[in-house]
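Chain nomenclature is as follows: A, B and C, assigned in order of appearance, with residue numbering initiated at 1 for each chain independently.
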Amino acid sequence: MLRIEKLSVAFGGVEALAGLDLEVQAGTVLGLIGPNGSGKTTLFNVLTGVYPADRGRIYLGGKEISGCKTEQIVRLGVARTFQNLRLYKRMTVFDNVRAAQHSLPDTHFAQGLLGRNPQEKQRRQAARQMLELTGLSEQADQLAGGLPLPQQRRLELARALIRQPDLLLLDEPAGGMTPAETSAMADLIHKVASPDRTMIVIEHKMELLSDLCQRMCVLNFGRKIAEGEPRQVLEHPDVLEAYLGRSPSGA
Amino acid sequence: MDTYLISVLSNIGMLAFIALSAYLLLLVGEISFGQQAFFAISAYASGIATAMWGWPFWLGLVWGSLFGGVAAVLVAVPTLRLRGLYFSIATLAFAEMVRLLFEIFTYQVEIDGELVGPDGSEGFRDIRLIYEQDISAFEYMCIIYAVLALVLAGFILLERSRLGAIFRMIGEDPMLTEMQGLNTIAYKLLAAAMAGVIAGAGGALYAHLATYVEPKIFNVMLGVHSLAYGLIGGLGTAFGPLIGVAIDIGFLESVRAISGYRMIVFGGLVAVLLIVRPRGILDEAAVHWIRRRWRQVRHAPD
Amino acid sequence: MIGSSYALLAIGFTLIFGVMRRLNLSYGPSIMLGAFCGTFVYLEFQAGHLLVAVATVVGAVVAGIYIERLCFWAIRQGAALASMVSSFAIWMQLEELITLLFPERTYRFPPLAESVSIDLGPFFFRAENLIMFACAAVLMVLLHVLLYRTRFGLALRALSENPLAARFMGINVQWIIFLAFALASALGGVAAYLIVGTDGQITPMFGLWATFKGLIAMMLGGMGSVPGAILGGLLLGVIETQSVWYLGTEFRDLTAYMVLFVFLVLRPGGLMGQHTVRREQAAYRRV
């Protein structure tokens, strides 16, 4: 579903991604891990067109999207959340979820401008259901900026999901959460995984990823140092060294 | 109604147009110091239409407003891709260019043995259509407010519509909005066009009330004031800029006792207000609070 | 020659913008206040050149600090527009204050030098212009030393480059900003002294005029770059004199604005500020 060939991105003198090759099968969940600064978020940024790669190609569902603009890529069915949370803080929770619906094609364009659109009714309904799914119905009318962190993260997820994306990119969806909150988030993500949906999840918290992904990929300094089934990857010596600094036997 | 009050209210009405014009651009996150350029362009265009080409008033008004809108788009295309302050300074440069060009712009036609038309820095006199048709000051004020009401109705519709939501999204976080699949540049251009038309409407109305326009009026002070109105009154609703205009004019006119110190007091008040409420009195949070209270009141069990 | 005064004005603007990422619309009026202080001292006490200069600079700095505290320090990060509109409100305040205290249309200011012209080959200069140029040059050298050879200068440059990192390095950001404002105001005060001294008189229009010239010069040279400000000022001077020469005085300002507009559209970074533009773009994409 997603194929990445020799992707390279450099900022100034720093190589954020160095010749990365990666393939993700449709309907699977890939866990993307690695120490801080290993290029994970950079990969998401290039995938969503925030900036182009210096070298390499990206293929989404067989179609090349290298160098395309964000807005075009998203319309192909890609959605993401952000490591540092990006919400419309001055808008309500409900409007934040609705925000993602505004680019859906409108068959009633003129009416749409005036807000009297039968499609809009359906969309509002869908937005309300999404809030229920993510447990935010009570907060629908509150300003997003005032929510506590776990709810804000769930709101980001709701916003990403409402378009029913084929490719869902989650960047540390449990960042900053307590173990209990993380577990709740993990359940929620489990619920939304499906054979119609491909997911890449960046996380540091292995407990979230362990039951979730079929495959894992480890990045360090912009390169892939391991890939495969979670259990194998987590016991890989290179991976341990990247995280802990030296091999367990001492050297 | 006494003539003084009519004149004050008329001024408030006309300034409201340019305030709303700047406000619309602020909604999409752009700070424009130059909306007065479209005010000016439309004033001249509509004046030329009615005084020199013999067009009826309403046609001149529409013509001027559209002219303003087109001009706005032409300027916006090269400048909107500039980030933040660079765009703002570009608008300032453009507005000053327009003003200086009008200082040398001459186009005159002989009507009834007299030369009529813009004459560089002498300005453009004799835009007398209103007076020739015997429309009283009061009636003209009603015309101004009728057009203003139309524009406000448009804004109210905008706030409830998808387009309005998109504008605010772009204003708060353009990159996130791109991530929702929206072409932010196209929407910004649309906002610029709409803002140009609104400023244009104000300009045309002004030209016919004052019967005389000169380039000096359309200076940067007007432009920065128009931004200030929105920022003082609040960016949460189109009524914010209106309140800003009313406060400024009302304050200026009413506080006779300290007439010499008006700006000192007012300037200080504005500065303090902006410390406490950087997005104005009726900012988004305030509007949100008002809406919630309104809904609670409506649903309150009796 | 007048380009050097524009350069000084532009430097003040650019210093503030470099550290704060906001425009101080009150810069012109604040240094005008300083100039009026100088005039006051001159007229009331028949003070000599030095005292007038000092009064001008002190007045400008005091005004600058007032603006910094009220419009910039007090308003939180991210509300850049609020700061700019606030500085505009203070501009109105200062202008009114000045017209109240000094109701005449124009006041005499001690001229820099007697009206002597000096012949140097094919060019001839007026003494005042030479003095202004010389002072400006000296100031720029001093500024260069300050920026590149002192700890304060280092902190200032660090802050301009990357405010977040500077904070982490233990640089006291608020204090540096404060000092930068004071420095910009002081430079503006000197510029005001030189410019008004060349004219021999001061009017309340000076504030507006100074703001525009400084702004245009800064943009031509590149926002946030001191060498750019210098070049921008000189460039503006050249553009003005050339346009008066070829097109006539009515076209002077128009040409300046047109050049500015073209610059912005084609090369917003101006002559030397391309790095600022790139930095803004990078910040936009920081996710």
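By our rule, contacts are C-beta pairs under 8 Å (C-beta built on N, C-alpha and C of every residue); 3 or more make two chains touch, one makes a residue touch a chain.
Quick caveat: nothing in here was measured; it's all calculated off a predicted structure.
Taking the CA centroid of chain A as reference, the farthest chain centroid is that of C. Remark: the per-chain Cα centre closest to the mean position of all protein Cα atoms belongs to B. Averaged Cα coordinates give chain B a centre that lies 30 Å from the centre of chain C. A separation of 42 Å divides the Cα centre of chain A from that of chain B. Chain A and chain C, compared by their mean Cα positions, are separated by 47 Å.
Residue positions of chain A touching 2 or more other chains, listed in rising order: 50, 86. The set of chain B residues touching two or more other chains comprises 175.
For chain C, residues touching at least two other chains, in rising order: 285, 287. Listed in rising order, the residues of chain A touching chain B in the complex are 48-50, 69-71, 74-75, 80, 86, 88-92, 95, 98-100, 102-103, 106, 112-115, 120, 141, 143, 159, 163.
Across the complex, chain B meets chain A through its residues 157, 160-163, 165-166, 168-169, 172-173, 175-184, 284-285, 288, 292. By the touch criterion stated above, chain B contacts chain C in their complex at residues 26, 31, 78-79, 82-86, 89-90, 92-94, 96-97, 100-101, 103-104, 174-175, 224, 227-228, 231-232, 260-264, 266-268, 270-272, 274-275, 278-279.
Against chain B, the residues of chain C that register as touching in their complex are 17, 21, 23, 25, 70-71, 74-76, 79-86, 88-93, 95-97, 100, 215-216, 219, 223, 250, 253-254, 257-258, 260-261, 264-265, 268, 277, 280-281, 284-285, 287.
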